[in-house]
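Okay, so chain A shows up in both of these, paired with chain B first and chain C after.
And now, the complex of A and B:
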């Protein structure tokens, strides 16, 4: 009656071994120093889900599942799980013998509290997923049953640490969550315990000796070092004061050089769950952007291979459409936009946008995203490319606050943005294109103002469809429509480099990369 | 007695100055687009209107602006700088934890630059036109004109990456578990590069000031008299020239002292020094209003105090100057 989807601990072990087939038995002891940038505001994962918070708090808090590189669910605090054939009932069997860092037992009651009370109150992404939940119950201490209102097959992707961390009920129930003193000294079930935070310098985690996996973790302690300057971060890796950088810690142009060093290795794995998808965002309310031929012309005017190789130094792939190739239901059978400035000029001519005496057809504002040097260069490059086909842009400098305010309130013509996809298009992709999600004042909604009833219908239907083949058909169709219409100009599927000291094993073993618990990480001889 | 009265009067007026600064800072900060809730939501990668509304309540931004200002002034009057909305920690704690690092860095750099700068300036003035003067002048000009962060990076490249003598960043060796003397030495070891980087610029300023001022004084009649009556060179330099030439240096030193708290943002960033400057800079980017206002207030108080101290030192160095009404 049930589709079994249980991957026992052996699956995790196989992956661990495959990644380090030549290595010896894991060895106990040692410390890991990793760069953390920017410094997280707090480490309570239920209240804050910024990238750096996830990386640190992912060692302290755990969730029910984690995911392999192909996004198959794997056990974490849930050892087995079943999804009923009608797609409405999710049953999780929890690990036994798990305790919180303060010694209390972790039970299904904690899971119910986390998913049914705490996170719906505090966590915007969980709130979206929770909308469709009919009930969450704990028939016994180690079983959790979630009933959905309607089938929602993407739901199984919703249980990684940052989406649904387990929160200790005995410390939070009945309190003002945001004002709870435990936010400053987080308590989780993870392999590492919070020890000390020297704000501005470092965060210190120590081994949880009572961790529920016998003999793990291998490391004694982890230090996260706050290093605000990009050049100093490179130096820290070069001089071996730190063992690991993550995300955009190291500027893309430094990565090839650092990768040459004997003591360092680079991997771009570990972003499959997030699949950061970078695009040139259009405000489609504005003339002449509202004409899809204009947006197609922009796609033809920009050499995305060049951007990938010379601005992001090969960290990713050229994006073909709205769904990243590492996300489920990707289809590459979509219209292509070759780099072809002549085609771009043709399209603009067709629209009647004739160049004036200076070769300028139209003038627009371009608001680069203030996320570091590569993004500044991207702005300059795109501006240059657009001038070639007669689109003059005014580059507007903005800091993060100004950018967020202006994009959220639709005060831009073109900007850059990148969003995470969270494994399934129903979670991380549709939100950008459905007309229901046009919400002024809120970032990461359909800020472009793109409206298409057919697209709305297809995303809606695909989200509820439990037959994977039918789902694929729906998503293929919506990808083809969107790529034809270019609501945003997809640029790069980013794969951020994790740069690490070669002596460390298992730093990246799953689709959530450096946010993993690190109970498998050890130092090889 | 006159001095006490002077200090009292200045402190009294300072209250109004500080009130003005608080109001002005408050308004200026709110003119910047974006608020901490929007920024925090932006950094979380996913958001909904409810989340932003919750954050605004948490940060106290749901109140009308004038109410927020009145609340803030009332709290400051009771010596409460509020909470950092973002970090959920009292602002006074954040400042108190960062202050020692900044003061250690800026005060050592201050005395290094003041001492060395005046020494070099005097040396250059005594050997004016000779090679020593040229060397000092050129070096001072270079140190003065080169951007701080670049000097910092070059020093890191040389002493940390190439030679491996000095740590490139941070204030202590994380995870070394040092105590006692070893701990102090470890901090001093980390202090050298940022201190020198920060000190170089000010050293150049003092050297140039001292040199120019010494040369001006050297032409005065009383110096000729002193030399004519056969006083030894050293005594003329120290007692007659330097004492009179040092006033502009003191003005500038007073000015610099006022910036001991907030003036090291760049150096703190390059060297990952966990000080106040970085706290303020991060708070600015994140629109963490209370933290920024707290740091501004602190800096303003420092400036006022050091201005008063400078004025008093003037009267001690130069008896012709009196503290007036």
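And now, the complex of A and C:
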């Protein structure tokens, strides 16, 4: 139901674009009210990159690039860019006539300051990428040159707003970044300026009249309404008090119903950059999980179509392996795990895990991620399916903090998790499987303790390979190995719905979806 | 005994309540034999309305689990939690109440301040906090319910002891040189049993409600099917699938109602002096 809606939305967008060429010129004026949940702690994007912060600050701050739905880089503050043939030199030509919200000119010096000084100190993901960087220079006011130590083709994927926001040098240089007074009244180059923040109630952004794209933005103002209660969020959409919800604002079970309302449209586009990939995580240090046949048996024991349709109400696709189908270098030519409990039992028999008098072969713990309804149901479902094939499973309960602490410290048998992929496997995928990244105490590392030298080698080689075809070969190989070995049980490529008022155009136009600047959003007649 | 039944049967509601209660107890004891499989098992397609799918007379839930199986297994959990937590609460309440009422003075003062300490905290909130702190499981739920429900018992027992303490038969026992323990257990306590029994029947009802509330909020034992859990899990699809929450809701309603009716009947039967004929 959901994918159809998404398809219709995109079809409508295409028709809309075609039609607008003739008649429907974008109209100036109007206001957008969007749900924001939970309330961001701060709007300074260089200091905080949580989802809600990105959505609001994405209108205020900008970065060098953005990405289309197929993850091709597109201009933002960089007008053009070149990557040298050796893969080591990245040259960005910046837009001219760009000013900060306080009137100062934006130049390459700001870009150097952001990428070379500010972000390496404050931004965990940029800090990782920065390890590849040899130097960052500004030969003139509108040119930025980045030299890498070694080729790292994934680097070009690292320039969306939240990954590398541009920070005003004249306000931050030489100050304590975390304690700077401008953190409270953020200054960026984006189409909307910070106006007011009523804590616990709403964030108000207004049109930047000096925005560097002539005639844009079309909207006069944007309100982000803080609505902590899920039921109130749905009602706000239904009664048209707000025009848009994003991410997990609306619970999965409510989406199909809301999608049928005439004044609302649903799209699942706009998450291609993040590609949240949900899996059943195994602690492969533990017996009998350490045997790959056991993990394969688990894959055969659960019906992932059922999970997609009855637990996530169609919000996504069944995952085939470690790389999401919307991430670069995805290959579906991998072993498949059909829902086949008999095959699961065969594999367990083969391992010598015979059922005892009660049909129990072994006992394990399952620690569901405490992120709401759907994940609770998923825990109950997986538990029951495993019991069916003789794996006695106890569900454990934990709040979010306990869950994070236990998973980070490897204190679990099985759990659920989902990670963003950030467009390129070298950024968002390899981190979960390479043995270098087994770090006790840190979440979103290789917490399952999976070690395979061949996988390490392939990921490393692929990250350094410039030739895209060769990279594809390497990633195809590593996908085949991983799917055969099942270090985690991939479940669903989640697609979070953006639900919006049909009168609004261009709310989701790129792979970063609702984090986009919204400089070309307008209200149709 | 015959007299007791006559007085009990005079309250029609109590008889109805007793019949329902016996039905629920019967379900709790023998129901799992009717549905020997785990209530978590997905036996039919999800979202089947009642009477639609052969075998699933009460319909199925969002994952295709049989609602009827859930009701039957939930009865056992509810009765178990109700009875065990009430027993524990009675143990604490009677012991402390008896000591306070019998010894009086400093002991009474100390115990009653302790009781008031518990009574000032809203019981539902305290129970939820306790379950969350102790990690959700059937044991922690029983403990939490017992801890929030013993203070009224202590107050009741203390009151009874205070009034009985000065009766002639107790004084006679004191003069005869009986030990304190003996006087408490063999002289006074038997005379306080009727109000305690009445209160216990109502406490079971409250405990079942509290367990349902805790499970509804998702703090229940995740390995046990309970009525509160069923409603909590189904409330999100209330608009599409009423049967998933209505049947367990009715089960809770009937059980709690029957316990209240039976409690009232017991009151009539055990405290003939307070008989409600005139009303």
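As a working rule, the second predicted complex is superposed on the first by the 502 of 525 C-alpha atoms of A that agree within 3 Å, B and C clash if a C-alpha of one lies under 4 Å from a C-alpha of the other, contacts with A are read in each partner's own complex, and residues count from 1 in each chain.
The rule is short, and it goes like this: contacts are C-beta pairs under 8 Å (C-beta built on N, C-alpha and C of every residue); 3 or more make two chains touch, one makes a residue touch a chain.
The model shown is predicted, which means the values in this text are computed figures rather than measured ones.
S.K.: When the two structures are superposed on chain A, do chain B and chain C clash or fit side by side?
M.R.: Result for chain B and chain C: fit.
S.K.: Looking at the overlay, does A:310 come into contact with chain B only (first), chain C only (second), both, or neither?
M.R.: second
S.K.: Could you look at A:395 and tell me whether it touches chain B, chain C, both or neither (first, second, both, neither)?
M.R.: Once the two structures are laid over each other on A, A:395 reaches chain C alone.
S.K.: Can you tell me whether chain B or chain C touches more residues on chain A?
M.R.: Touching more residues of chain A than the other partner does is B.
S.K.: Is A:443 touching the first partner chain B, the second partner chain C, both, or neither of them?
M.R.: A:443 sits against chain B, while chain C stays out of touch.
S.K.: Touching A:225 in the superposition: chain B (first), chain C (second), both, neither?
M.R.: In the superposition, A:225 touches chain B alone.
S.K.: For A:405, using the defined touch cut-off, is the partner it touches chain B, chain C, both, or neither? Pick first, second, both or neither.
M.R.: A:405: touches chain B, not chain C.
S.K.: Between chain B (first) and chain C (second), which, if any, makes contact with A:262: first, second, both or neither?
M.R.: Neither: A:262 stays clear of chain B and chain C.
S.K.: Quick check: superposed on A, how many Å separate the nearest Cα atoms of chain B and chain C?
M.R.: 7
S.K.: Where on chain A do the contacts with chain B and the contacts with chain C coincide?
M.R.: Residues 399 of chain A touch both chain B and chain C.
S.K.: What part of chain C is in contact with chain A in the complex they form?
M.R.: It comes out as residues 38, 40-42, 46, 62-64, 132, 135-136, 218-219, 222-223, 233, 236-237, 239-240.
S.K.: Spell out the part of chain A that touches chain B in their complex, as residue ranges.
M.R.: 31, 33, 38-39, 41-42, 48-51, 122, 124-125, 127-128, 178-179, 183-184, 198-202, 204, 221, 223, 225-229, 231-232, 235-236, 238-239, 241, 399-406, 408, 419-420, 431, 439, 441-444
S.K.: Where on chain A does chain C make contact in their complex?
M.R.: Answer in residue numbers: 251, 253-254, 257, 310-311, 373, 376-377, 379-381, 383-384, 387-388, 394-397, 399.
S.K.: Which positions of chain B touch chain A when the two form their complex?
M.R.: Within the complex, chain B touches chain A at residues 32-35, 38-52, 54, 58, 86-89, 94, 97-98, 101, 149, 153, 156-157, 160-161, 164, 167-172, 174-175, 269-272, 274-275, 278-279, 282, 285-287.
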